[in-house]
Every structure is written in C-alpha cells, then in structure tokens.
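Each in structure tokens, the structures are laid out below.
Okay, so chain A shows up in both of these, paired with chain B first and chain C after.
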Partner chain A sequence: MAAHRCRYLACLLLLFLSVILVTMSQETTLGHEQHATAVDDPQTGAETKQTAEKPTVEEKRWEETKVKATTQASDTAVLSKTQVNEDFQEELVIRPLHSGDIYASFQFRTVWETDFMKGNKVSHYRLFPKSLGQVISKFSVRELHISFTQGYWRTMQWGQPFIPSPPGAELWVWFQDSVTDVDATWKELTNVLSGIFCASLNFIDSTNTLQPSASFKPLGIGNETDHRFLRYATLPREIVCTENLTPWKKLLPCGSKAGLAVLLKSEKLFHSSFHSQSVHIRPVCQDRQCKSSSWELRQALNVVFDLHTSGQSKREWSLFKMFSRTLTEACPLASSSKIYIDVTDNPQEEQFELSPATPLLSQAVVLGDRRTFSVYDLTQQVTFGTVRSLNLMIRWKSSEGDMLRPLLHAERYVTGYGLQTGEIHTLMYNNHPFRSFPVLLLDSVPWYLRLYIHTLKVISKGKDNNPSYIHYQPSKDRERPHLLEMLLQLPPHSVTEVTVQFERALLKWTEYTPDPNHGFYVGSSVISSLVPSTVAMETNITMEQPLFSSFFPCKEESSYFARVYTEPLLVNLPTPDFSMPYNVICLTCTVVAVGYGSLYNLLTRSFQVEEPNPGLAKRIANVIRRMRGVPPL
Partner chain B sequence: MGLLSDPNRRQALINLLTRLNAPICGMPVDWLVKTMQARGLEVFTQSFSRTLPFPDENTERYVVKGTNVYGILRAPRAPRTEALVLSAPCTPGDNNNQAVGLLLGLAHYFRNQVYWAKDIIFLVNEHDLIGMQAWLEGYHHTNVTGMDWSPLQGRGGSIQAALSLELSSDVVTSLDIVLEGLNGQLPNLDLANLFYAFCQKIGVLCTIQGKLQRSDWDSASGYNHAVQTMMLMVMKQASGRPWGDHGLFLRYHIEAATVKGVNSFRHYKTDATTIGRLLEGMYRKLNNLLERLHQSYFFYLLPSLSHFVSIGYYMPAFGLLAVILLLRALDLWVQLSAQPSRTEDGVAGTEQSNPGVLSVLTPLVISHLTGAALYMLPVRFQEVAVEHFPVSETEAVVLTAIAVYTAGLALPHNTHRYPDMGWRVLKLVALLYLAVLLGCTAVINFSLGFILALTLVPAAAYVTPHVPKALSAFFLVALSPACTLLFSVFFFQELQEMPVSFQDGWLLYLSVIAQGMLDHYLYGSLVFPLVALLVYPCWLLFWNILFWK
Partner chain C sequence: MKILTLLSVFGPYLFTDSVNIENSAGQFFSSGHTNNWAVLVCTSRFWFNYRHVANTLSVYRSVKRLGIPDSHIVLMLADDMACNHRNPKPATVFSHKNMELNVYGDDVEVDYRGYEVTVENFLRVLTGRLPPSTPRSKRLLSDDRSNILIYLTGHGGNGFLKFQDSEEISNVELADAFEQMWQKRRYNELLFIIDTCQGASMYERFYSPNIMALASSQVGEDSLSHQPDLAIGVHLMDRYTFYLLEFLEDIHPSSKTNMNDLFKVCPRSLCVSTPGHRTDLFLRNPESVLITDFFGSVRKVEITTEVLNLTHPIQRVEGSPVNGESHREVYSYVDQLPVSEIIHQKPKQKDWHPPDGFILGLWTLILLVFFKTYGIKHLKHIF
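Right after this comes the complex of A and B.
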C-alpha cells in the first residue's frame, strides 16, 4: 500500500517538475520574441521599404524557431512550424465621403498553411479560430462567404464599397467535390454557423437556397466550377446587432483587447448609417508561383458614419468621435497593422485637413481607380507620438458635394396596386460614356410570388436587349424559389430595365408570419459585372498588396470585378384578417361543418347489409362458371 | 419633444417661415432642391403634364404642366423597404407657404435624429391633386389616367402611411383632419385616432369636418351637432372625390390623411412649432409601426373625432332598405308563378302567357344604351357643341349631359304582347338589378349606396303602371339620381352652414357635375360611370314600368 502511494507521489512530483520546466522554457521563448520584435521595430522603415524588409522579418522568425527547436522537445518544434506558416494582418481604411459622411473599413486576415482535408485531423490552432477550422474540415468546405449587413449601401452617394454585401444575411459556400450529399451538408452547416454567429441562419432551407450557375464563382484558387457544389442563400429580414458582433470579434486573434479591434465598440458601430460584417474563408496561393496553397480567413467590417445624426455643428471626424476609443498599440500577433486614409481627392488639403500628418503615402489600384492613401503604421512607436495614443482627425473644409455617378449602379422596385398581381422592375445604369460592359443579373424570388416568365422584358434605350445567356429555374410551391440568371450587355450611357410580372399567391393560413401585414421580403438581386477600369489593374495578387485591394481576383488589366446588390423588396400578400371575429368565424365554421357534416351523412346514407366474403372455393367456381358462360353462384 | 426644447431650432424654423412669407408658390423648383439638399436629403424632381378633357373652370386649368420636388430622408441602417410620406401641395395662387416651410423645417429636424426606421419622403407637389396623381403613378409605375410623367429616380420601398399638410392661412387656430378619399375609401381608423390622441396630448384644438367636438352628448343639441358632422362625412364620402391630397394614396393601400390648418376659432392660436411637434409625434409613432395600420376599422362613420359608428351599426340600416326590394321581388315572383294556374288551366296556356326573361331584353338594352350615351357623349361632342352654341367647353359638357339625361326619359316605351305580365317580369328584373347594384355600391362606398337606396328604393317599391301617372312621374323624377344630386348640393351647403339661393345652387350644381366628370377622367373616380352606366339605366327601367301600356 505504502509503496503504491509512494509511486503516486513520485509521479505527481515528476509531473510538477516537468510543468515548471515547460513554463520556464516558454517564458524564455516569449522573452526572446519580445526582444526580437523590439529589434525589428527600428528596422521597419518607410512604406516603400516594406517589400524589401519582409524577408528579413521572416529570417528573424526562422532564427528564433531554430533556437527554440534546439532547446525544446520535438512536439514544440511542430508548434513553431505552425507559427511560421501563420500570418495575421490587420488594416483600417478610412475614406472621407463626398457627402460629409465617413466610411471606415476594417479588414483582418489570417493566412495559415495547413490542410484541413484528406482525413488530416488538425488539432492545434494558434491564430486561426478553431471553431471555423473545425467547420471547414467537418463539412468539407472549399470556400465560405458569410456577411451580415444592417442597412443599404448607397452607391449613388458613397461609391463602391470594398466588399459589397446585401441587406440582411448572405451565405454562399463552395463544397469540396468529395461531398456526396450537398443538401444535407448545407443544412447542417447552416445550423452550425447559426450557432457560431448567433444568427437566424437556421432559417435557410430549400425555399431560399439557390444554386447560381454563373454569378458566384470561387474567389480562391481552384478551377472547378461545377455549380452542384455551390449553395447560395440570403435572409433579407435578418437584423444584425451586437449579438452578432461579439462572436465575430472573438474570431480575431487579439479579440478586442489590442490592435485595431479595440475600436469595435458596438454602441458606436450601431450608431451609423450602414454596418456590415463578413467572414470569408478561401484557399489562396502562398506565393507568386502558387506552388502551395494556404487557407485565408478574411474578416471585414464596413461602417459608414453619418455626419448629420452625429449631432455636431463642426464638420470634423476623429477616431474618438467615430469609435469612442483611440489607438495605443498594434495587435502584438499581427505582422502588419496599418491605417490607410484615402486622400486621392485631397492632394493639397483643400477638402479636408488630416492630423497628425504622416509622411507615408501609398498608392493602390482599387475598384478600377488609382487611389492615394496616407498610411499610419501601428507597429511603429513613432506613429503614436509623445502622447502614446493615436487619434486621427479629419476636418472638412469644403461643403457637401453632389451625388456621384458611379459607373454601375442598380435599383429595384415593385409596381402596380392591388393584391393580385404586380411587376418587378430592375434598373441597371451604365454611366460609362462610351464603353459597354457585360453584367450577370441574378434574381431570386420566393415561390409565393409566381413569376410570369413570358412577360420578361429587357429594354435598354427603348430597344429590346436580348440576353446572351438565360438560366431560369421555375419555382416549386413550398419547395424552392425562382432563380433567374441573365447575361446582359449594358450599352454605354444607358439604363437597362428588366421587368417581369408576378401573381401573389394565397398562402395557407399557417404559412403566414406572425406579422403578415408587414409584408414579405424578396431578397436583393445580385449584379456581377466586369466594369471597365480607368487604370490598368494588377493581375497577380501578392501578399504585399493592401488587403482592401486584393479581395476580388483580377484576370484582366482593362476591367475590374464589381458586384452590386439592389435593395430588397417588401411585398404585401393577400392577408386574411387575423382578428378575433375572423378566428371566431373560422372556429364556428369548422364546428358547424364537422357537426352538420356528420349528421347529414348519418341522415342521408342508405345502409345495406354487406354480404360476407365468398370462400376461396366459391370464387374459383365462379371464375370457371364465368368462363363457361354460366351465371355465377 | 425636441422641436420646442431646442431654442436654436425654433429660431431656425421661424427664420425659414419669415423667408417664406414672400410668396414662393409658383414652385421655385431650384430653390426647393437646393434647400432640401442643404438639409441632407436625397433630392429628386419629377415633371408631368396633363391636358384635361375639358377646362376646369373652378381652378382655371386646362393644360397643366408642373414639377414635383421630393427629398428622401434615408433612415440609418434601414434597407429601403419601407417609407412614410409627408407632402405639402404648392400651387400658384393658393397660399400654402406655411406648410412648405413647416415641411422643410421638419425635414431639417428629422434629418438629425437617429431613431428613424423607415425612410421619410418629403414631397412638395405642384397643382395639388394632379401633381400628387403624377407622383404616385410614377412611384408605382402605373398609368391609370393617361398622364405624362417622367419616371422617378429615387424610391424608398413600400409606403406605409402618408400625411398631407395644408396650412392655408398665416394664423392657425385649429387643425382639421380630412379622411375621405377617392371613391369614398377611408384610411384605417387608427390614423384618425393617432391624430386625435396627439392633439389631446399637445393641447391643439382639433376638428373633423370643421366642427368641434361637443361634450354634451346627451342633450338634443349635442346630438344634433354630432348628426350634422356625420351627415357631412356621409355627403363627402358619397361624392367619391378625394377631399385632399391624401385621397389618392388610398388606391395604393397607403393609409393617408390630410391635416388642414384652419383659422376659425379666434381665442385659440397655434404656432407652427406646435403643429411641428404634433407631426413629429405622429411620424415617430408611424415610424415605430411593425406592420401596416390594419388593426382598426376601415369602414366607419365619424360623428366626432372621439366617437365612431362601425360598419356593424350602419350596415343593418342599409340592409333593411335593401330587404324591401327583395321582398317586393319575392312578392312579384310568387304572383308570376301563381297567376297562370289561377287564370288558365292547362299546359298550353301557361306557355303562352309566361313572357319569359327574354321579353325584358329590349327595355334593358335601350336603357343601357342611353346610359352609355350619357357616359360618352358629353366629352366627345364638346367641340361640336361649342361650335353650334354660344357656350364654353365646360358648359357644353354639362349641358350635353343634362340634355342626354332628359332625352332618356322620352325614349319609346316598351309595348309588348303581354300587357299584364310584361311589366311584372320587367319590374322583377329591375328590382333584383337594383338590389344587387345597391348592395355592391354600399360595400365599396357605403354613403353613396345609402343615399341612392334612400331615394331609389321607395320609387322602385311603389311604381306600377296602375298608379296615377302625372303625380307618380313627378315623384319618380324627383327621386331620380340627377335630382338626388341637386338636393344633395343644397343639403351639403345647409350642413356647412353656408346656405345658397336657388340661383347660386343651380350654378353650383352645374359645377359639381363638371367636377364629378373631371374626377373620373383625372383620378379615376368611379361615381360618374356608376351613375351613368348602371344607376341611371336602372332608374329608366322603373320609368319604363310607370308608362307601361
């Protein structure tokens, strides 16, 4: 007995000792790291130096791990290897808008060279969130794009967003071709995501799921575009609030503790004109040669602050005013952490004044235009100045401008009156003075609006515009929605109008929502297009580009990819008066029908005595008799 | 509420109103666009033009061209699916500057608030109803009346509710709410309740039909007052015309009302800020709605703002009137089926004396052709009439209508092989026809159905070929639709406490006929076609029965 106890004690002691040893060694490595970054700091020079300096940083890291590898046991070597292959970047783009509003776009990118597939069980996570990693491996996801948006992006006033999204929730997923039952996987995936993001994604079912044939191509690497493995769904009614923001923030390596994410305070983010948050997962190339691929997780948050409702008399913006926080440090886990301010329209500071000033300028080609940005690098202590906090200020000098004329924008509305029929109009504007360009229109309409597809008309400049490609999938009642995809050529400087009539279906009484008089939503149409760009686009995406300019891959130099969402529609269906008298009438009618029906049945039915079944012998005898032509027994 | 509490805003509003006292109407489109833009709205314009079928002498319009200006306040974080409308008509000559000023002031104030969940559209429409019709048709991309308008550039989704603002004088003592819309449609009663609740809360004097509410319900005079108010509503609703700019919204299932500033009660004076607060309150309430207004009644009559008569109370009254027709018809049916067996025995006799339904086809067709003539001829033949007679176009149209109407009385009367049975079959058909007609009318527009029932039912029940001809003819003409309209004009003036002499009344009558036709051609009111194509032919059938030989 005693010997036994002694053995336990010895074991415990051993464990304890080893724990102490491990923690001590970790502390030393941490110390090394801090030291290393401190050494790095002075080396990180101007923006132009960055490309040159990047390999040196990597070298430092490599050295670091070698030291570790020698001192540590073999499984820590695996850990250090994953550290090498993971990279986290954060950036914030601020664009002062024409209307006096301000557009802030956060992007956080985690790149991890790992393989979730092929039965490879990834169990150690460092920067990449485990919850999403598990989702990728469990559901064999190749690409996942999810966005939650509150509000409508006003293209006419704000121009194009860096990452477009429709009002409500949008989810589109490409599955690996190894998935056998895509629909079941999709159903399960939506339920899991609904748990992760605290959203009503579990309301995605076959009645609002689509398989677009052309509009949603994979954004990552991989050539396979068999749309059987694509699922797309929107929930236009989804309301986005802090409960969705909190889980989204938790996916960030630094949470909201350090770096740019400290600015993400919900009380300010939801005090804005537009709020959109998204998560994009896709496989990307590791380098220019694209020999190895890695997984990219991109988290984006776009917000537009309104000048008028902020209740200020002076026209000025600051980080503190926008987010009620200032910046004091970069996220320590981030390899790059930058703030870009769009100063393209403001070369001589005639429109607004920026303080503190920064000597760093960078240029990037984004959305078909070469823009100039002032850059604040948060990994440098110089940026924070003597007060050790960064509070950017933008003071407007000029007054509000007119509306913009973006090259491509669209609107949609329902026409007609009454509750029987109606017409959906989709208008697409090409404001380019001399070039026409192709657009792909994706329209999804719920089954309870029965489209009369023979009334489909496409008119530009008063003439019929024949689509070169139409993919139409009719709806099935209570099963799947209408899907209409068209490839159209928009003539220069024109409005193209797509109209289609519909009939409003009468729902079953249990199918009405609890607020049927609010109306029923029809999701946004999606217009994907290659818009002619004014400058040559960069066709090869490298890791060094700023995040906001590298989301959509670019195949040609002369045009850039843009996606425009129209507004969702609110359509009233014929609705019974669900009031007390209505219920009473329904109930009474049912009772009367059942009572009267059965009584009437009893009174009018004539009763007959049924003859018992003839035996088998008798039946055979009858068959024989019939054959002989003798009347049966 | 914020508007009053902030002295700067109040000052800004007052400045704006002073600026507006210089007459701006005649639509300074550019100024409006600039002002709305400065207030942070998305501003759009819409031009329209309309040539009236014949000149409107009341407002001196014939070829109407105008521009609507509207600014959309985009609600933060809203997906452009719902909108509210605040409109103010701005017509040359008419003084609605105060309303336009208040609208701009409210736009400025609303723009700085964060609580909006629905887009708010501030609309200044020129040529009141015609501009509103053009805007609504443009917004919903329909064309009911053949108007030319330019398509709208900006929209805010489906409109949930609308208010139209009319402040005709500088001094406003009380606010009047107008509910009667096109074809007698009414907005949901909750809209009226909302207005009343806020008037009570803010302490503004509010009226309906220009009549204050009285607290003495029990006394005879109080009762009389309430009945007068209700009768005014019945008369207005029966006319089927939009009594304010809101009236045209109702076609699109948008709850709407007109708020009118009235200067009639000396001791009370309301300033623009108070009206602004009232509107702010109403818009905030409407903004908070999750569903369209649908919980309360759509069919009601208001004896005062705080009391209503629901459809459950007034429909039985109409039902009792309509039942007379059905009982009469039943009586005739029994007579018709019993008579053959009483007079003649045998199968052959029954066949011979039973006139059959086809025999009444001739009078039916003739009377309906007369009705069609009444509907078509006045507008078609106005040019011919103007050439040959010394009258203006409007007079020509109205006088042609009256001439056709009178000529219908002199049409050849039906003589048939069945002198005794024929009129019975005709009367049976006419009675059922009238019952169905009145029933349908009363469901759509109760007041019109009720007034028609009041006059037509006694005549229909009473008339046979055997009553004294001259007296009955006079009686029947007096109860014909045209005379009903004449009496209604006098009665309406009496109710409004503005009695007119017979001469003026006659002129008013002529202009009312012209207005009724214009309402049909401009806004799609159904009263004129209903009377011309259905009610008048039906009445002609009874006229026919009276002169049965």
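Right after this comes the complex of A and C.
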C-alpha cells in the first residue's frame, strides 16, 4: 500500500513539474512573438486585427512580417502620410562684425502639424518637448515668446540682430480667445515657466505686467487681434547663467549631444559681450496656400564674442576658439543642419579667408539687405573631410572697409540730480537720407517713478513732432506701472527726442530689496518700426527659407519690420539707512538721553520760589530807598 | 506518510529560501528610507561672500555625484557668483585655488535664486505650505520614508542665521519648523549641517526625533575661511566645508563609511574652530548610519529575467486629420505695424462712471450759486 502511494506521489510530482516546464516554455515563445509584431510595423491598422486572432494563426503572422520587409519602399511613402508630421531644422549663422567681434546666432526650429487646442489630448511627443506642449494646452496659449539676455546689444557697432531681445528676461504671451480670466492664467503661466527655466519669473506680477494696445502684434498666423489677450512683462534685473542654459538645452531633440548644440558650452558662451537665449512658440502656415496651421517652436541663441577678452592679438576666429569644441556630426533627427558665414563684404576674399573652403553659396534677403553666405551642410559627410571634424577658421588679411550705419537705433538715459526729480530722455535716430518711416514707441515705467505727463515733449529737428496715436495708462501705486505708447513719424536723417519728467516716490521700508543702494531698474523701451529696405523683401514665408530670414513676417516688399530695444535705466530711490550699528547707536543714545536725563532731573532738581520782576517805577523807588538806607518795597 | 514525504521533498528548499528572504528583507528595511532629498541653502549676498556659494555648490556636487537627482534637490543660492561681472572666469565657481575644481559645472539647476531666498520661502519649502501654482522643482515633496539632508551656510551668530543681509532666522523658528515636519510625517530621518559662525547654537533647540545635526563651530567661536585665490580676489571656501568636500570626494555610491567618520572630518588643528554634533535625538546608533543614507540615493533594485505579457497590444489611435474637414479658410500672418489701423484705433472705452467727488461738488456749487442769484423762476428764460 505504501509503495503504491509512494509511486503515486512520484508520478504526481513528475506531472506537476512537466506542467510547469511546458507553461514556462509557452510563455517565452509567446513573449518573442509579441516582440516581433510590436517592433515591425506599429502603424497600420491591419496589424491589430491579426494580433487579435493570434492563438490560431501564428504561422500566417510570421509570413506577413516577411512580406512587410520586402515592400518597405512603398510602405515608407504610406507611412509619411499617416505619420504625424514633425520636422526639425538647425542652423548657425556667423557674421563677422566691423569692430573685430564676431556674432554667432543659433536657431533650432521644430515644426509640428498638430492641434493642441481642439480637445484631442496630445500624448505622443517625439521632437517637440513635452513640457512646452503641456504648457500650451493647459494655459490655452496662442503665442509665447520668452528671452533671457545678458548684456546690451550695441546697434551702432554691431548692426541689427536677427532676433532682438532686451537685457534681463522678457516674456510676452498671446492667449486664445477661449480664456476667461487672462490675469489668473498669466500668473500661473509665469510660475510654471519659472520652474521650467530655473528663472525667478514668479516676480512678474501686476506691478510689472503691461497690456500694450498696439505693439507686439502676434508673429504667427491669426485673423483677429484683440489686445485684451496680450500680456507683456520684463524683468531687467534677471541674471542669466548656466542654470538657465541647462534646461534650455534639454528642450532640444538631440539635447547637447549631437549637432550644433554640442558647441553650446557655458564657459565660453557667458564669457562674451552679449548672450541671449530665447524660445518662441507660434502657429505658422504649413505651405504657401496657408489652409492649415502647424505649431512652430524656435529656440534661438545669439552670442557676440569680444575680440579682446578672448585674449588674442591677431584677428582670427575659429569654431574652436569661440566654443572650445568642433563639430563632428549633424543631429540625426534634423532634416537640415547648416552653417552660414556672411561673406557679403568679402566677394573676392580680399578681407578675410575662410577655411575649409566650401563650394556652396547662398543669398538671402534679411534685415532689408541682400547678403551672401557661404554654406556648410552638416548632413553631407564630405563637409567633415578626412579628419571627421569641422573647425571653421576665418583669418583676416586686411581690416579696412566701413560699416553701413544702421537705419534705426535708439538711446535712453536719465538726467537730473538729487533724489527727488529727474527726467527721462529717449532718443531715436533715423539715419535714412531721404525717407521717413513710422515708429511705435512703448514705454513702461514702474509706479515708484511718478511721471508728469504734462511735461511730455517730442521734438524732431528742433520742432514739435505730434504723434498720430497716443495711448497712456497712468499708474496705480503698488498695482500698475505707467504705460505710454506713441506712434511717431521719424523725419529723414534726424534725431527725435522724447522727454518726460518724473518724481521719485518713497517706498515702505518692507518694499526695499536687500541691496537697495544698487538702485532700481526701469525696463527698456521697445521701438517697433517698419524700416525701408534697400532690396525687395520676401512676402511669402516658405519652409525652404533659411531660418534667420523667416522670423518676422513681411506684408510689403519695400520695408521690413524691426524692433529695437533701448538700454534699461538704473535709478536710485531715496533709501533709508538700513545699517544696524547707526540705528542702534541713535536709538540707544535717544533712550539714554531721554530716560536718564529725566530721571536725573527728577532726583536732583530742587524748586525755589522766585519773586516776579517788579515794574520800572518800583525799581527806581527801590534804588532811591537803598541810597537812603531804608529797606526796599 | 504522504505529508511527511511532501515535507521532506519540499522542506530543505523552503528552509533555505526563508533564510534568504529574511536576509534580503533585513537588508531592505535596515535603513528605513526609500528616497532621499536634499535642501541646500546659501544665505549670503554680495561678491565677497563667494565662499558661501562655493560651499553650497560643493555639497550640491557631491550629492548629485552620489546619486540624488535634480528633481529631489532644492538648491537655493542668494546671489549669482558664476555670472557676476566681477568674476574673471564667468560661468565657473571654484573651490580650490589655482582653479582646480569647478563646482558649478555644466549641468546645474538652481531652484531659488536671488531675492527669492528669504526666510519665508525657506520655511515654506520645509513645511510644504507653498502657493498652489509653485512648480514641482521648487517643492520638497518628501514623505515619511524620506531621508532629508539640510545644509545651511552663511553668516550667523548665537541663535540666528542671517538671510541676505536683511533678515534672520532664529534657532527656535528652525526647531519649530522641524517639529512641523515631524508632525506632518515629512521625513524619516534628517541630517542637518550648518557652516556658519557659532553654528552649534542653531541646533541647540531641536526637539523632534530622528534629527542628527553637525555644525562647524561652537557657540562663541567663529568659522574661518580657507584660502583666497589671488586671481579671483576673494576667499574661495570655508574650512569646514573644504574638508567635508575632500572627505566626500572619497565616498562612492556603494561605500560603507558611517557617520562616526563624518564627525571627525575637521579636527581643531585644521579647522581652528571646534566642529560639534548632536545625536541624542537620533534613534539609531551613528555607527550604523551610512554616509550614503543621506548624501546618496541608493535604491534597492531587483533584476528579473521574466518576460511580462501585456494584456493587449497598444492600439495606435488613428488620428483624424486635424486640418482636413473642418474649415478651409485661409490663414494669414498679422500685419506687424498697421499704421492706418492704429491711428484710427478708438481708445479703449472705459466704463462710464458718474462724475464723483470733486467734479460733482464743483457742479453742485455752480448750480447753487446760479439758482441763488437768478432764482428758479428765471429758469424759463433759459429753457
């Protein structure tokens, strides 16, 4: 009996083990099949049908995958139509400046044919960064422009930048029509962006937010522009450093690992005269007919390297000297990756020499001028040569030739003395010899500088220049800044001066910053204008245009849109003395003097009765009596 | 009989397995924490306080190197030294002279900077009472199984720490903040390091359990700085943190160094001040506490070779062509400076308010005077 039982037990065990083994093997084979189907072709709908009938038609599925492998050529065409259309381009423009400095402008553009707005939740992000996509859909953003700049762009020495930006941080946003409470959405948006870019954008509140009424029209497509949905704010005090560059680089599809972004090393970028990084999101036309829109994300980085601080005696620039890196490959996710060197002033190579030489040349109309560029295409392997790395060198042979004066530039400064009053002067120069053009000046002054608008004067060439449009919104203490917008016509070859007097306010002692003796910043004025151009501008923006020439849309051929920023102002407000030892000494001395003094008086003062002073007659009588020897009255 | 044979077959297997389970369970739960956070604060402003920023950044660097990710670090720097215009080498902060080690690096994320570093923000971060729109990177999202490292540096005195030359935090406030954290179950164990003058006074008042504190100097002593760099022109680091950094450079994510070594980091001969520590509130023996329990983020990972079946394959949603059917209107770019439109733009109509105050009073006065002089019956000549 026991023997039977033992055998029975052993058989049971064996059966159990075999069952386990079989199930395990089945699982692994199933797993393999799942892998194969997932990897092969995730797009077509036919696949899903097949996987539903998986247990019975395994062999048929393997055959299907083989067939798919051979017809891949025709499939890619089908794929590109049903696939979501995303495109990434990168470019670097290097422009030698007349003063010996060199201007490098990076632009990275991602275009995505999707709709964040119409309810379908976008959840599959490939090239477009997810953090920005979520910001757009959550806050119903129509356009977003944010820039961080260190340094001031010197228009007189350097010309016009491709993408202008004011010192500090600047943020302007157009919201969609569906937003009901724009101010609350704006506040939340600034907080979220401060987390994304590691900047203190949460200091943007109602005391520095503006709602311009005519400037800052949307740069993307759209049919109506109701300025109630526009908000603009600038933080002139904001510092830009590696902690802002790091999250900016992380938004790029290739990060800083491949393509042009490997050149972005913070130690070299911040050791420069000017550094600006910006993010621009807007809807653009997909093609010439412009029947549908796609979202465009542009990340731009402008930097101007100084000839003298980089410690070299002769005028010679190379990628290695500028960025301490050379290029080895283009970003694999980019459809185009190019470097443009501006050689307009160097048609026969008499000014500088470019090496390695490149046969590609291209012309583009940008900033009202036709410029010629030598192009290096990084997607072609031949650009990198035999050493597999590209180190562009520009060597100067002669240093003559003058720079064309820029047609429009502006200055701003404060005059006056003392800590009570002052005057703000804004100067706008029109250097065109015979044409005048319109200019829209946007001035914002914080509430603690009380403007006397009745002293506002606009003078060109010695005569009054009446603006054709003025919008002034006075400030409210601790709530709103001053907003002044004027549309002026600048006469040719002239200087227009706008002056307004102000008075400084005394802040409450808790409102001072920890370093109040540094001063308080006033944001830059913005001057938007239609500058006449020397060549006909392109009015249709297409996808094939180089990125630097397609940022501002153009409606007419004879002029181009330019935006110029003035310097920010630094004004001193009357500051109480916060120094602790002085206050302690004053307080102690006062307490001691009042307390001890009164106590001493109380303890040691004795009172004596005093007779009132007798009249003149009585005094004379007393004198006579004394002379007589008789006691006085 | 059957049961006996069954047991005899499976018994040894079960026995060895249970021992293994106990061992791994023991290992898993000995430290008691499942995630690590760090709050690193530099409270001084101005260029001559370069060393405080360098202190904080060197601890940040060590903590990142040992595994705590940026999302779990709240870094507060009261001033910007790296891109300061007085810095001869921009975008760098050095800790050793002759510019040997750049603690700022290329991959740094500062959560609170400049004027945002205030006592209020610091206490809000610790207690979690932040406004709802604060982004995640600025929050301390710890739970009751988190080990938190808190590092403070700046100028301090007996019982207080100065924030940005304009306000101070006292040791009582700090102790209360930690008690709030304990009551809200926001930490499992807390390591508090402070590098200021008279630093030991800051941890005198703690009364919440599971806090270990270290300070660079006792009450009545000053913490001194280490060495100046002649090219940069300021002192680069404080002594205590300099030797702490040297000690931490030798630690790697799997090292077994314990807290007793950390207490011996800066003897009086090197530091000139006497570093102090406090362990009476800590439940475990400092000898069994690893450095990486606070400075690193060692996660227990179990690798499996099993293949997991997804219940059904991921369906790719056939996105309806978003531009197709709906509207065929042509879009266009907006005119950037439509001069004629702007000139004829009517100014925004403010809501009409009835005249108030001064104007109303003035009109009332005029009407009164008018009626007084001419009398009401003469009104018919006017109307």
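Rule of thumb we're sticking to: the second predicted complex is superposed on the first by the 491 of 633 C-alpha atoms of A that agree within 3 Å, B and C clash if a C-alpha of one lies under 4 Å from a C-alpha of the other, contacts with A are read in each partner's own complex, and residues count from 1 in each chain.
Everything that follows uses one rule, which is that contacts are C-beta pairs under 8 Å (C-beta built on N, C-alpha and C of every residue); 3 or more make two chains touch, one makes a residue touch a chain.
Because the structure is predicted, anything quoted here is derived from the model rather than measured.
Colleague: Spot which of chain B and chain C makes contact with more residues of chain A, would you?
Modeller: C
Colleague: With both complexes superposed on chain A, which partner does A:Gly222 reach: first (chain B), second (chain C), both or neither?
Modeller: second
Colleague: Which holds for A:Pro553: it touches chain B only (first), chain C only (second), both, or neither?
Modeller: A:Pro553 contacts chain C only, not chain B.
Colleague: Name the contact category of A:Asn202: first (chain B only), second (chain C only), both, or neither.
Modeller: second
Colleague: Contacts for A:Phe270 in the overlay, against chain B (first) and chain C (second): which applies, first, second, both or neither?
Modeller: both
Colleague: Is A:Val630 in contact with chain B, with chain C, with both, or with neither (first, second, both, neither)?
Modeller: Neither chain B nor chain C is touched by A:Val630.
Colleague: Return first, second, both or neither, reflecting whether A:Asp515 touches chain B, chain C, both chains, or no partner chain.
Modeller: both
Colleague: Just chain B (first), just chain C (second), both, or neither: which does A:Val387 touch?
Modeller: Neither partner.
Colleague: Could you say whether A:Phe561 touches chain B, chain C, both of them, or neither, answering first, second, both or neither?
Modeller: A:Phe561 sits against chain C, while chain B stays out of touch.
Colleague: Mind working out whether A:Gln157 is in touch with chain B, chain C, both or neither, as first, second, both or neither?
Modeller: So A:Gln157 only meets chain B here.
Colleague: Output the chain A positions appearing in both contact lists, the one against chain B and the one against chain C.
Modeller: The answer is residues 150, 270-271, 515 of chain A.
Colleague: Tell me, which parts of chain C touch chain A in their complex?
Modeller: Its residues touching chain A are 1-2, 5-6, 9, 45-46, 80, 82-83, 89-92, 104-116, 131, 133-138, 164-166, 307, 309-310, 313-316, 318-320, 322-323, 328-339, 342-343, 345, 347-348.
Colleague: Where on chain A does chain C make contact in their complex?
Modeller: Chain A residues touching chain C: 2, 5-6, 9, 13, 27-28, 30-31, 34, 37-38, 42-43, 45, 48, 51, 82, 84, 113-115, 118, 120, 150, 187-188, 191-192, 194-196, 198-200, 202-203, 213-214, 217-223, 225, 237, 239-243, 246-247, 265-267, 269-271, 285-286, 289-293, 438, 440, 468-469, 471, 487, 513-515, 528-530, 541, 552-553, 555, 561, 578.
Colleague: For the complex, which residues does chain B have touching chain A?
Modeller: 37-38, 40, 42, 74, 76-82, 111-114, 140-142, 155, 157-158, 251-253, 290-292, 294-295
Colleague: Within their complex, state which residues of chain A touch chain B.
Modeller: 99, 150-152, 154, 156-157, 167-168, 236, 270-275, 306-309, 311, 400, 403, 411, 413-419, 423, 425, 515-519, 521, 567-572, 577, 579
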